[in-house]
């Protein structure tokens, strides 16, 4: 594909009240560019949850950041304690981006 | 009788409708954004009205007494609750502490519904009870975390951060802020916005309780962690805490409406501020458990059975 | 004349504004969550008001007659509609059956707007017409599916599931539930929530029809599957069904307002309960087609032209 | 004094509450869909009320004069603003042009809040000022783009597209459409929807300004591009433009309320129509910059300090 | 990457009223952990749709589940009839997850 | 995996007011099937943004389209000017789809 470069895409499904901690850890690892997507609900070992709750305590969102391979390793390492203690889901995958200089 | 009347008021019937729809697995659902918007409206309205009333009646010793009683209840109620959850409920320390914090704190919607029921029964709680409500939201969180820390090796928290997060929780800020606005604006300033914040209040509350019925019943249906013992505690806590609150209020000489309101606050369990704080500070605790107890057991019990009971008790205490 | 007056009422003008904005490709849009919230409010309000009126007027033979007529219309109207869609509209069996089901069922917003127009013209429909509305929502779905099954090899459905899904559709549950709440609460119970569910009704309806105008016109613009023949049927069905409804209502001795309301129900086409059921049970049918016909052709026609016509016909039948 | 009174009205206090919550980093937040819904309601209400008033008072030369003055201000104010932004603000041509366009255009919420303040001070602006508001939204965009084109090689735009997008911007369409509906419906048609669009207006505005306070303060906190010089311009522009508007209105013989409203329009900076147009047509310009200036500096200044000032100036000009 | 294991990510774009059937089929195939994301609109052979409809009949959401390779094959096979009859879109891709024991 | 075929998934994070232009360019390149997902907020070189703004000017959404490899190249080439001028993020990745004849 013309003009694309490989990057790593890191996605973390995070509880809304935890987001500030996640972005702070990411920033400390040098990752300040990211995009957030809403999640609607789900099911896991801890039972079902769904966004239509008056209590916001269980709403979750997807943190997504693109970066170079090395930086991704730093980020995953930096997030690992939070992933462990709060049982968060992290996915890592390979994508190609256009205008790779930027990302 | 006031109790039956209250049960047949549209406000409560909409709650029952929502619960019935969820049990029947209807796809009825109120958009999350709208429900959130309504809950913010309810907090602003209750805060404003409380502030306007205090502006009219002035400060009083009753107010100080009620505030002290509320603070004490929020700090102390989690302790016996914790013991009951460990010994009778068979929970581990961290989960018991998390649940106990919910029962020390308060539910804004239970208070709001109770205030409506009391007002239409001719015993409106004093305006300052809104301030008591705001005061009671957070201390139980601190107590719950201390209990958890004694029970288990809990991840050391950046303390300032958590305190900040609980004290500046959106609902606390909106309630307190609206209370102050009501205090500053007074009756004349409130008049032009009264059509929205007073006249419309009951009708909007109906729609909100419809949603609460849906949410509570769905939680109950999906609650896996809820044992019979825990469900029983979810009924006993409000009864015991509510009675303590009413008796304490009466003993302090509050009028019947305010004593009943203190009982309602004590009986109610948080499902907004505390769950958010627990998710942050006690991630090992199971949200399915504490939300099921507070939202799916205690909340419906208070709305349908508890409110008339605490009211009747307060009236009996008041009339010698 | 009542017709022109109705056309120039803000409620209808907001619908026209929405349609005009969509045709001009303005980016005006009402958030989906808000539109959904408003539509739930409208259903709760119409249900409550109907229940309160029936609580006041008591049960009557008129009510039973209107219910029977409504059920019959919902079951029978899809049959000739199906024939017309196949022969004149040139649709295949499955699509014809899906569209026919929409025309046997009803549109809550058309009814609500019609009730407003009738009320301000001095001929309010009886409260029990809300129950008739709820009764008419689902039978047409069953008839439509039976038609589809005869026409084509349609995937065997877990029957209970579908019946459950249509009978417990959110709008049916909310309408019926609010009707019962109105019945239980009566005038005195309704009074404190009347500012929200009665006084505010017309104004909120304006905002909702603004959204309906946007939605209907966008659908019309994007409708690819809509042939001239189908568009013509989208105009003929309401005219014919509406006239049948009015004549039937008048023949059964309903007052003018209720006969007109029965006509409006017959003339209207569903765009909430039926599309959801069809998407489940007849996935081969094209949603672009049935939503275009009911929402983009029949709904606007009823709102602007149909309502005054059915009203005029009912009044003529009533005055000998 | 009217100024202090206005500052202590709940409408303004809710704005302050929102700003304070955001500065304290509370998690208080109003769902985006609800805030959008409320802003559409405010536009519909202000349009309707303006139209109803013009229907009552008829056309006048004042109206034509105010319209011409508004158009002239929207076209001309960007020019000196552009110069100031380049020379004193040290912005490049494209960013200066984008910011200048915001200050030529208007903010609906500033106008609405100002109209409330003026009305409760006994000087309601004339109904036609709503039409002037709608007229002033877009010309500044065209002027801003012309400035940008002179300053830099700006990507050639499909002209029709942009003109279409700005003229048919949702807020312009809703304002103008509601104005026309108010004009057609008149007082009698408006009466049944007045509970929603008039009685409830102030209360809903409180909730909206709570959100605006949150949004403005969060923007200010996160604004990186905002230099001290630009912040100063964000305070000077409204002062200068507001004074020009009031003086021009007074010179044209408008009554005090309308002259003040013209000043408020001139002083206000767009944060809906113009940012959207700039994002499309001037992608090189920094949204963080122009939104920070209009939303985080000028809007709060106008709401708290500007409104009383322009009102006082208009009253002084009116009383000889 | 330290501590990550490969998993398969299955995503299905599904009509809201169909979701209960999809999750029931998934549960029958042993997949009870998933997350749902909202979709806003789209365009396909059947024309355009967009979420801002009063009628909820056309709103769609994205079902996403992470699982081991073998389970993914079972799931896809179990869903195939529904995909066919209702014309749903299923995507399958490879991702790395942290704390693989859990997922 | 039984019955799946490889496709390319193109995702573009696009400002809401720019969407009509993006879909027009995609249509001109022969891509008329796509799905849109909402984004909630994010952070980048241009600072933070978040969806809870009265002004819609900064709300963004994710355009997602599945297609064959060759078409993806055409699409990326067709979008490149818009990506450049408005600084948009484009990701391209490989997925498997079921019922590949359709996509």
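The letters A, B, C, D, E and F name the chains in turn, as written, and every chain counts its residues from 1.
Methods note: a residue touches a chain if its C-beta (ideal position, glycine included) is under 8 Å from a C-beta of that chain, and two chains touch if they have at least 3 such contacts.
If you're wondering where the values come from, they're calculated on a predicted model, not measured in any experiment.
*Asks:* When you check each chain against subunit A and subunit F, which touch both of them?
*Replies:* Both-contact set = E.
*Asks:* Under the document's definition of touching, what chains do subunit A and subunit D have as common neighbours?
*Replies:* Intersection of subunit A and subunit D contact lists gives B, F.
*Asks:* Validating interface symmetry: for the copies subunit E and subunit F, is the fraction of residue numbers used by both over half? Same or different.
*Replies:* different
*Asks:* Averaged over CA atoms, how far is the centre of subunit D from the centre of subunit E? Could you give it in whole Å?
*Replies:* Here subunit D and subunit E have centroids separated by 45 Å.
*Asks:* I'd like the Å distance between the centres of subunit A and subunit E, where a centre is the mean of that chain's Cα atoms.
*Replies:* From the centre of subunit A to the centre of subunit E is 19 Å.
*Asks:* Suppose each chain is reduced to the average of its Cα coordinates; what separation in Å results between subunit B and subunit C?
*Replies:* 40
*Asks:* Residues of subunit B touching 2+ other chains?
*Replies:* In subunit B, 27, 29-34, 36, 165, 195, 200 touch at least two other chains.
*Asks:* Find every residue in subunit F that makes contact with two or more other chains and list them.
*Replies:* Touching at least two other chains: 17, 37-38, 87, 93.
*Asks:* Please list, in label order, each pair of chains that touches.
*Replies:* Every touching chain pair, ordered by label, is A-B, A-E, A-F, B-C, B-D, C-D, C-E, D-F, E-F.
*Asks:* What does subunit E use to touch subunit C in their complex?
*Replies:* Checking each residue of subunit E against subunit C gives 15, 17-18, 21, 46-58, 85-87.
*Asks:* Name, in rising order, each residue of subunit D that touches subunit B in their complex.
*Replies:* 8-11, 13-14, 17, 20-21, 24-34, 120, 195, 199-200, 202-204, 206-207, 210
*Asks:* Along subunit E, where are the residues that touch subunit F in the complex?
*Replies:* Residues in contact with subunit F: 13, 37-45, 60, 62, 72-73, 76-77, 80, 83-84, 87, 89-93.
*Asks:* Name, in rising order, each residue of subunit B that touches subunit D in their complex.
*Replies:* Within the complex, subunit B touches subunit D at residues 31-34, 36-37, 40-41, 44, 48, 164-165, 168-170, 173-174, 177-178, 180-182, 184-185, 189-190, 192-197, 200.
*Asks:* Which residues of subunit D touch subunit F in the complex?
*Replies:* On the subunit D side, the touching residues are 29-32, 35-36, 39, 109, 155, 165, 211-212, 214-215, 218, 222-225, 271-272, 275-276, 278-280, 283, 286-288, 291, 295.
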